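Okay, handing you the structure first.
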Amino acid sequence: MGKKSTLLSRLIGAPYIVWAVIFILVPIGMVAYYAFTDVTGAFTFSNMSEIAKYTDTFLLSIWLGLLATVISLIIAYPLAYIIANSGENRQKIMMMLIMLPMWMNFLLRTYSWMTILEDNGFLTTTLNSVSEEIWGILNEALHSFGKELKPFEPIHLINTRGAVVLGMVYNFLPYMILPIYTVILKMDRSLIEAAQDLGCNKFQVFKNITVPLSLPGVVSGFTMVFVPSVSTFYISQKLGGTGTTLIGDIIETQFQTANNFHLGASLSFVLMILIFICLAVMNKFSDEDGEVII
Amino acid sequence: MASNEIIKLKNISISFDDEQIINNMNLYIRDKEFITFLGPSGCGKTTTLRIIAGFLQPDSGEVIFDGKVINDLPPHKRQLNTIFQRYALFPHLNVYENIAFGLRLRKISEKEIKETVTEMLSLVNLKGFERRNISSLSGGQQQRVAIARALAVKPKILLLDEPLGALDLKLRKDMQVELKNIQKRLGITFIYVTHDQEEALSMSDTIVVMNGGKIQQIGTPLDIYNEPKNAFVADFIGESNIIEGVMRADFWVEMAGNKFKCLDKGFGVDEDVDVVVRPEDVDIVPVEDAMISGKVTSITFKGVHYEIIVEIKGFKWMIQSTDYQEVGSTIGLVIEPDAIHIMKKSEYSGLYGDYSSFSEEFDELSDATIDEEE
Amino acid sequence: MKKKSLFSKIYPILVFGFLYAPIAVLILFSFNAGKSTAIFEGFSLRWYEEVFRDTATLEAFKNTVIVAVVSAIISTVMGTAAAIAINNYKLKWFKQATLTTTNIPMMNPDIVTGISMMLLFVFISALFGKTGTLGFTTLTIAHVTFELPYVILNVLPKLRQTDIHLSEAAQDLGCTPIQSFFKVVLPQIMPGILSGLMMAFTLSVDDFIISYFVSGTTSQTLPIRIFSMTKKRVTPDMYALSTLIFLAILVLLVISNIITAKSENKKHKQGSKKGGA
């Protein structure tokens, strides 16, 4: 190829490079800058030391985030497997059905769960009347042994940690299904046949071939669910009530109401570092194949 | 120097990542000839072609076209066109638009374009394929479209980079004949790259045998086959037994413990040489009438003949014969003087021409690899 | 085998039930005659009328579309150019550094991306002694920034798949390098560019978190408007609006699917026509 045209084809990347430096790299520098300065602009560690107060919040966020990610994986894997192994038309329709909810505004979808999980909502009242019935039967049975259960307490769904995890799973499940589906779909079918040929039964094929080969998809899905789950604030506000404050909530408060940018920046800085460490660890699990699967 | 030379390469060298691919190459190509670069993968043949086409700039040396240095001329201004290994047809255009592609760039009237496309399609026997999608064509048909597309712009030279490599054997043979016919009919220069010696022998006016970035031999197919310059050429073109020998005098060579009459002269007395004997040139005779004799170690039926491996004084010869020989039996051999070809010792001496490790599979494996030298 | 196929039939239904339950609730209550989003009091279309009367919501909708269109176009053009350049970079470390930087907005939590850009804008405006810089421009810049990686990652694989010999063949036939790009390379990578554009547009329409931090008070987008409304008790008019958007997308998707299915069918038929070897 001509030298001039090669040069040109490299130069047209310049606007992006400039853009990426100003709007990707510099802002991250800004986070670090705010994290280590006070209102006067002087260097300080006080923001960082203040973070210690939020250790429990960090731990809770990570715990709920992990829980949501693992549950998503458990739900998503069989579905991805089933979809990847069904007919072409069914595949298309099912993938469309998975993508479609994402077009409904995420805030409203979460809000809708509030309606479903409400104390006087259909789901809660049904659950409560059914379980009260069972409770009564159990109690009667136990009565003949001279024992008694505690009086029945109605179940609460909304404003619990469980509801927050449910919200996370619900919102980010497609991000888990998609990469796993893609990996299973691309898998070389002849490998499965080769394994069968060598004497694997269906379960062994699944365990020895499908699972290890789909690992990159799992890793990709894991990060795509974990990152937004850990950092969410809307889901915890709406479904977790006052009892479940996550790190995202605290950061949001610092920027939108408390106006303490420096503390907010230092919290974000730590969150970012934590997540990059998680990603680095996850990437160790997936092979050299560093391509991100979207 | 030929007056009708169209391309001349002068002291061309090129290297990638410190690896010398072409080493001080000199070559001229005559107008209207069918010339083939032949060699194993990595020998630099495709690189040479890409230098001529203008996709690569040599590190040093000159590319001369019609008497003018064209080193700095970009590919789109060169009056030569290329058939790519995988055809490189434009998948978003149909057959007609692919062939018309180069013509449209030359601001030719729609009517003329239509005439040329029709003419080209009939040249490659694809009449009626105008509206077809590229993806709906077979490999052979795609190949024809690629040829039509390149010829439509009336190049002075057509460069063909292993054009038949992706086709199956039968189709490849047909296309060989067809390409040769097209070249004769249009009277333009074809520069052809292949690793298939049979293809090279059957199509070319001139063959350039290459290895390790250097030209090993240039000549007509007959020259190359009958008078190979060194053990590499002898082994690469056809089957050869290459035996170490000593030139005792003009027309007398000693090998395999025996003296043979030959037609070669001009070597020093007692000079070490390589002796080439083609398997089909050895006659099997009763042991008592033989010049040399040996034990049959294997025999394979090849259709036209048997391929017999005979061990003579620790060296395994290949002999082709229509008569069956029992494995383990001792047979006698006769080699006529005109069946012996003497070569000077070279860097390749001792590397080729021994059938002791001969294996059918190895041979086919190395043939099947498609070369992607870049 | 039979048992497994039963599972593979029922399981997707369960998951889809889970995915669509809140959406069903949402659509149901958009037709509620009452004001509640919890108790259904009878069928009515009043909230759909309400949507078109609420000027703030309509304004937010307009802003959303404008930002999405503008940012998607900018990010697609810049991102495509960047992908071509990245594909041509020979310096390994530079290429790697560019790709890593590109990955940052995808890997970083949205909230961090949002506040980092907010801090930049606030810092710059403080430098010039201005306040209230957050608005339409900063919103668009932020959207372009988080859309760019998706455009690049959609175009790059198409560039890698494109046979380099195609561009050479075009030049061989007389194209200048620039002509060969527009005539041959561009058509090859077009599907990647289009899906990048679609993705950029979708992400922009859908984004709440990043917009929330960089939009200021003057230029609300629909998600931000919804957020401020969900702070209080939501009235079903928001549900009505979402239902309308949802249905519009559904129709678009069905149409585009039918079109691609038809064109593929056509290709398939032609493909099967081809003869032997």
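Think of it as A, B and C in the order they're written, each chain with its own count starting at 1.
The criterion applied here is as follows: a contact is a pair of C-beta atoms (placed from the backbone, for glycine too) under 8 Å apart; a residue touches a chain by one contact, two chains touch by 3 or more.
These numbers were taken from a predicted model, which means no experiment stands behind them.
Relative to the centroid of every protein C-alpha atom shown, the closest chain centre, again from C-alpha atoms, is found for C. Ranked by separation of Cα centres from chain B, the top chain is A. Averaged C-alpha coordinates give centres for chain A and chain B that are 60 Å from one another.
Between chain A and chain C the centroid-to-centroid distance comes to 19 Å (mean Cα coordinates, whole Å).
Taking the mean of the C-alpha atoms as each chain's centre, chain B and chain C sit 55 Å apart. The set of chain B residues touching two or more other chains comprises 55, 74-75.
Among all residues of chain A, those that touch two or more other chains are 1-2. Counting only residues that touch two or more partner chains, chain C has 168, 171, 176-177. For chain A in complex with chain C, the residues that touch the partner chain are 1-2, 4-6, 8-17, 19-21, 23-28, 30-31, 33-34, 75, 78-79, 82-83, 85-86, 92, 94, 96-98, 100-113, 115-116, 118, 120-121, 170, 173-174, 223, 227-228, 230-231, 233-234, 238, 248, 251-252, 255-256, 261, 264-265, 268, 271-272, 275-276, 279, 292, 294.
Per the touch definition, chain C reaches chain B in the complex via residues 163, 165-166, 168-177, 179-180, 183-184, 187-188, 267, 270-271, 273-277. Interface residues of chain B facing chain C in the complex, by the touch rule stated above, are 53, 55, 74-76, 81-82, 84-86, 88-92, 101-102, 105-106, 132-133, 135-141, 149-150, 153, 167-168, 170-171. Within the complex formed with chain A, the residues of chain C that make contact are 8, 11-12, 15-16, 18-23, 25-26, 29, 37-38, 78-79, 81-82, 84-86, 88-89, 98, 101-113, 115-120, 122-123, 141-142, 144-145, 148, 150, 152-153, 167-168, 171, 176-178, 181, 202, 206, 208-209, 212-213, 222-223, 226-227, 230, 234, 238-239, 242, 245-246, 249-250, 253, 257.
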